[in-house]
Amino acid sequence: MSMHLPALQVIIPLLLAAVIFLFNNARIAYIVSVAASWLCLAIAIQLLLLVNDGSVIEYAFGGWEPPWGIAYNVDQLNAFVLVIVSGIAAIMFPFSWRSIQAEIPASLHVLFYTALLLCLAGLLGMTITGDAFNFFVLLEISSLATYTLISLGKDRRSLSAAFQYLIMGTIGGTFILLGVGLLYTLTGTLNMADLAERIGPLQASRTLQAAFAFLVVGIGLKLAMFPLHLWLPGAYATAPSVVSAFLAATATKVAVYALLRFMFGVFGADFAYGEMHVELMLVSLALVSVLFASLIALLQRGVKRMLAYSSLAQIGYMLLGIGLANVSGLTATLLHLFNHALMKGVLFLALAMVFYRTGGSSMRHMSGLGRQMPWTMAAFVVGGLSLIGVPLTVGFISKWYLILASIERGWWPVTAVILVASLIAVMYIWRVVEVAYFKERPADLPTVSEAPLSLLLPTWTLVAANIYFGINASVTTGIAQNVAQTLLGGVQ
Amino acid sequence: MMLDFFDLYNYWVVIFLMMAGFYTLIAYDNLIKKIIGLNIFQSAVFMLYISVGKVSGGSEPIAADNIELYSNPLPHVLILTAIVVGVATTALGLALTIRIKEAYGTINENDIVQMNRDAEAEKAQEWGRE
Amino acid sequence: MSASGNQRSRPSPSRWSKRRTRWLIVAVLLALAIVPEFFVTHYAHFESLGIELDARFGFYAWYSFFACGAMIAIAKLLGIFLKRRDSYYDE
Amino acid sequence: MQLDGFMLPPGLILILGAFILPQVEGRVRHALLLALPLLTLLMVWLIPHGSHLTLGLMEYELEPLRSSAEGRLFATVFAVAAFAGGWYALNKATLLELSAAFFYAGSAIGVTFAGDLITLFIYWELMALGSTLVLWANGKQNPRAYPASMRYLLVHLCGGVVLMAGIAGHVYATGSIAFSSMTMTDGLAKWLILAGFLVNVGAPPLSAWIADAYPEASPSGMVFLSAFTTKTAVFVLIVGFPGTEILIYIGLYMVFYGIVYGLLENNLRRLMAYSIVSQVGFMVTAVGIGTELALNGAAAHAFAHIIYKALLLMSAGSVLLMTGKRHCTDLGGLFKHMPITAIAGITGALAISAFPFTSGFVTKSLETAAAYQFAATASDPMLLVWVWFLLTAASAGSFLYVGLKFPWFVFFNKDAGLRPTDPAPHMQYAMWFFAFLCIALGVFPEALYAILPYQNDLLAQPKSYQQYTASHLLSQFQLLLFAGLAFFALLPLLKQTLTISLDVDWIYRRLFKVLGQEFTFKVGDLGGKTEAKIHGRIKRLIAHMHGPSGPRIHWPSGFMVLWVAVLLVGALGLYYLR
């Protein structure tokens, strides 16, 4: 059994998605989804433990040996991302039941869970696969499910947002397909490990360079790299709350992982930095996105949009870490994958609870909630502190490494940008705190009570994780540093 | 030089199709036309895969006696999958278009964006500056 | 400018006498402060540098007086440029 | 985690207490308010010197419990200040203020026990948070406290950001997070850390935050605020930057900045705020001198300063509380009606002026002594000569602008017709307590000397150290009396007006606002066709990007795709041209 874990990781949610669709009963769908997410988490943790010594698990699908068959390769990097994705799923799936009662018509609940499981399967598959084409297919599976999930939003704006995301996502996917195709014409293989070997002597090839450009831009679209981010705020702001939470915490993380995997696992650090100087593009775009997105987040009135823009800024941090091209920088990126999932998870879930009780998530809806929904707002505050990067929360850990990396590189202006952006984060989080704790509730809005326990519990699990991994960061930093060293390999 | 150009004509076709698709996506506001543009764009990539799989002088990749040279079957197989994905995308896009038409009464994207913006402006007006 | 200022500049006869006693007390105190100067030797703190100003007779008295006078004068001067109405930032 | 015995950082007692206070009421709360600081004090003294606790964070070993002589001295006075502050605030302060103040005091004590820079930074930020809340808590009574607390927070967050950058740079450069003297290390990181510390100390150009923020707090709130932030900053300077020459200049600037602005100031508690800057300037100068005697002087002066400044603020706060007046121009002749407040105020005023037999006399002379003692061996002796003469002048100045100005305009001068009484008994007790300490430290300085950080040959240098020699006493009397003469002789020049004085805070309080108005509304009216055209374009662009409910988030997908094309062409072009 344990030798089939890599396959089960993807097949369980994929198959169960079909099963719940056939059963067509919302409650069964919910229970099965939750069970699936927990099972996935258990498998992911098991896999992480198996590869924690630096070994690589290779799994050949259907017994077809790579490079001919599709291979799933699990190493520390993707096992780490698997844990992030399935962990977030394991927390958010239980949360979803009550949350969607308020936001999605009952007739669509089965569909919702089907799409959610498909999305999970796609994300996990993208992470675990060792085959470039298989990556594209799983990317499209998760993307199609995502478009559907977004379109389930209460407002009609979610439809147009989903459509726009469909256009953009498909372009991104097609770019990736094109990049993979170019790689295949060049090397005749699709297996990532095999590709990496054969690319070695071909560094000067124009085809390889074109493939790299298409892949970076394609993946950049999926991870909402500035200026390809325009689809994201609309999608996050109009999707059902729990969908925003799930996507914000996982989808972009997997895209960042994909960038890492292609850059380091396929092209190699030497090619990416040495030949292509990708750090120039990444750092400049990341800096613009960190500052620009932070400022725009500050100007937003809708809290969900504010968080969406802050996500863009955080993605900027991750790209910055890659662009800094040293071990500390990559460590920061990897840590931030995990940490950002935790903090944005908390913030979006807290917002989902606000939505559940008040029917909205604008600043206005949140005014005076500090007293009426104390636990919800406390969770929001902890998430906010983490986002700012206050010590003893996870946010501090990744920010610390990022700053260290920028100093190591001698790029003080980058340090300044990171710190200024943190200051802006203080201000936008403070805006919410101010209306929630120091403003009276507007007379025309109803008084509300605290969110139910079934919503609070998952949220506070994440809050606890935010603090626990902020204080005891040795596990995450250990993995991240290991992976960063392996990825960078020769380049130093 | 000219010869090179014609030798690689398949690439030029691909590039032309791709740019046509891109242009359609940028220039047309009609959602259906956008989906068509997307299809053209995807088809360009499909063509690329299929054309590079062809080995000149090679036969169809069906095992038979006295044939030594086969075209590469793998890209064709891959692109079959990609086409399935493309069809699913198109279907989803069309379904969304129908729902958008129901919800907004139009499938012109500019109008839709304007409506979204107006809705927000209205809400801001209603709530006043806070 | 304020009302209190005007009142202070037009003191009543009784306040005159008060003021005189006050000055008298001050004068006595100052005298008391100077007299022991004849019996006490001050250290020159920077003897090694050849500076003996601080060991001269009555140094602390006149130094203090003129330093304070200078500080008040400087404050007054800067006040011309720096003073603003109390409600300056609230406008 | 490794723990000797059952020792925990003493600061945690107050920090936890901050969360317990709201849960209890009435007598229990009062009892806790008084007991927790004393318990903290006990803990501070039970912990032997050395590092007792390590915590792993990332790959670093934090030392949140490192006891040192300097730290213990500051922790002691912080605990005492929390105790007396709590006593003074007992019934009057809001619950939020009390909790915040305890949180704030606990974090300050945390700083004094921080053995590494990360722990230091954590407590540093907690302190900023706690002090902001103390200020914020007064918003209901004084609406100006809200914006003031935000400006305060902004300044401190900026300082914190600079500090964090410096710490990261330091850790990278040295590989160590230990918090110790940084005078040996070099590079930008060291200066950033110094800058971060200096923001809290009230150094130029950001000295204005003290006078901007503190006076908006409640009477008890300002007592708390005055005690911790600037003094922890002095503490970290003593540990981290002893003998850094630039601190001499910075300190001297602060000394005279405080005096000049203090002389101009009409608002009593703003006057006190300026005098904090001036007094802290003495300490910073001493740290800049950096000899053992100077550091002892800085530490001792900080100790004494917290007590007499708190006493002065309690007195000024009582006046504000009982009369509702905050300006010199509105007050006068209160001695008869508030005798105890007046005695407290006068005691504090004498102490701050270094009057013999008060705490200020004992501690301030250590600093001036350090200046001439060091002159013999310093590389630049003339600098020390200047320092000595200027500090001596400033000592006289202290008497002028606080020692005389505060009691004179409030308790004497012309009767303003106010008929208040002394404040509540617990406030009187707190004042008595601190007044007692001011005198006791002046009469029995040995107790304070015994806990100073550097004990080498402490009392073996009669010339520099013995305060109560005839010469020293006489010179101090002359200094003070002739300052008094100057005060009364120039009294007409000191007429108080209902004004405030501009400072660097003008930039962030006024200039930005003016600039904002200038560029949003007026550019178009300036005339000139091109200008109007540009303005119109910018306006249209902004209107295009920015809807009425914040920046737009809805864009046509064609626009998005265009960006994809741009980036792709950019990426491909870049690679092909290279």
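Just so it is clear, A, B, C and D label the chains in written order, and each chain counts residues from 1 on its own.
Note that in this section a contact is a pair of C-beta atoms (placed from the backbone, for glycine too) under 8 Å apart; a residue touches a chain by one contact, two chains touch by 3 or more.
Keep in mind that what you see is a predicted model, and the values were worked out from it rather than measured.
In terms of C-beta pairs in contact, the better-connected of the chain pairs A-D and B-D is A-D.
Taking the mean of the C-alpha atoms as each chain's centre, chain A and chain D sit 43 Å apart. Chain A and chain C, compared by their mean Cα positions, are separated by 70 Å.
Annotation: 64 Å between the Cα-based centres of chain B and chain D. Look at where the CA atoms of chain A average out and do the same for chain B: the two points lie 26 Å apart.
Annotation for chain B: residues touching 2 or more other chains are 25, 34, 109, 113, 116, 124. In chain D, 549, 554-555, 557, 561 are the positions where the chain touches two or more neighbouring chains simultaneously. Taken together, the touching pairs give a contact graph of some other shape, not a line, ring, star or complete one.
Note for the complex: chain B touches chain A at residues 25, 31, 34, 38, 41-42, 45, 48-49, 52, 75, 78, 81-82, 85, 88-89, 92-93, 96-97, 99-100, 103-104, 109, 112-113, 116, 119, 124, 127, 130. Interface residues of chain D facing chain C in the complex, by the touch rule stated above, are 256, 259-261, 263-264, 266, 329, 332, 372, 375-376, 381-382, 385, 388-389, 392-393, 396-397, 400-401, 414, 416, 463, 470-471, 474-488, 490, 493-495, 497-503, 509-510. The touching residues of chain D, when paired with chain B in their complex, are 547-549, 552, 554-558, 561-562, 565. On the chain A side of its complex with chain B, the touching residues are 133, 136-137, 140, 144, 147-148, 151, 156-157, 159-160, 162-163, 166-167, 170-171, 173-174, 177-178, 181, 184-185, 190, 301, 362-364. By the touch criterion stated above, chain A contacts chain D in their complex at residues 157, 160, 163-164, 167-168, 171, 175, 206, 209-210, 212-214, 216-217, 220-221, 227-228, 230-231, 233-234, 237, 276-277, 281, 296, 299-302, 305, 308, 390-392, 397, 400-401, 403-404, 407-408, 412, 415-416, 419-420, 422-423, 426, 471-474, 477, 481.
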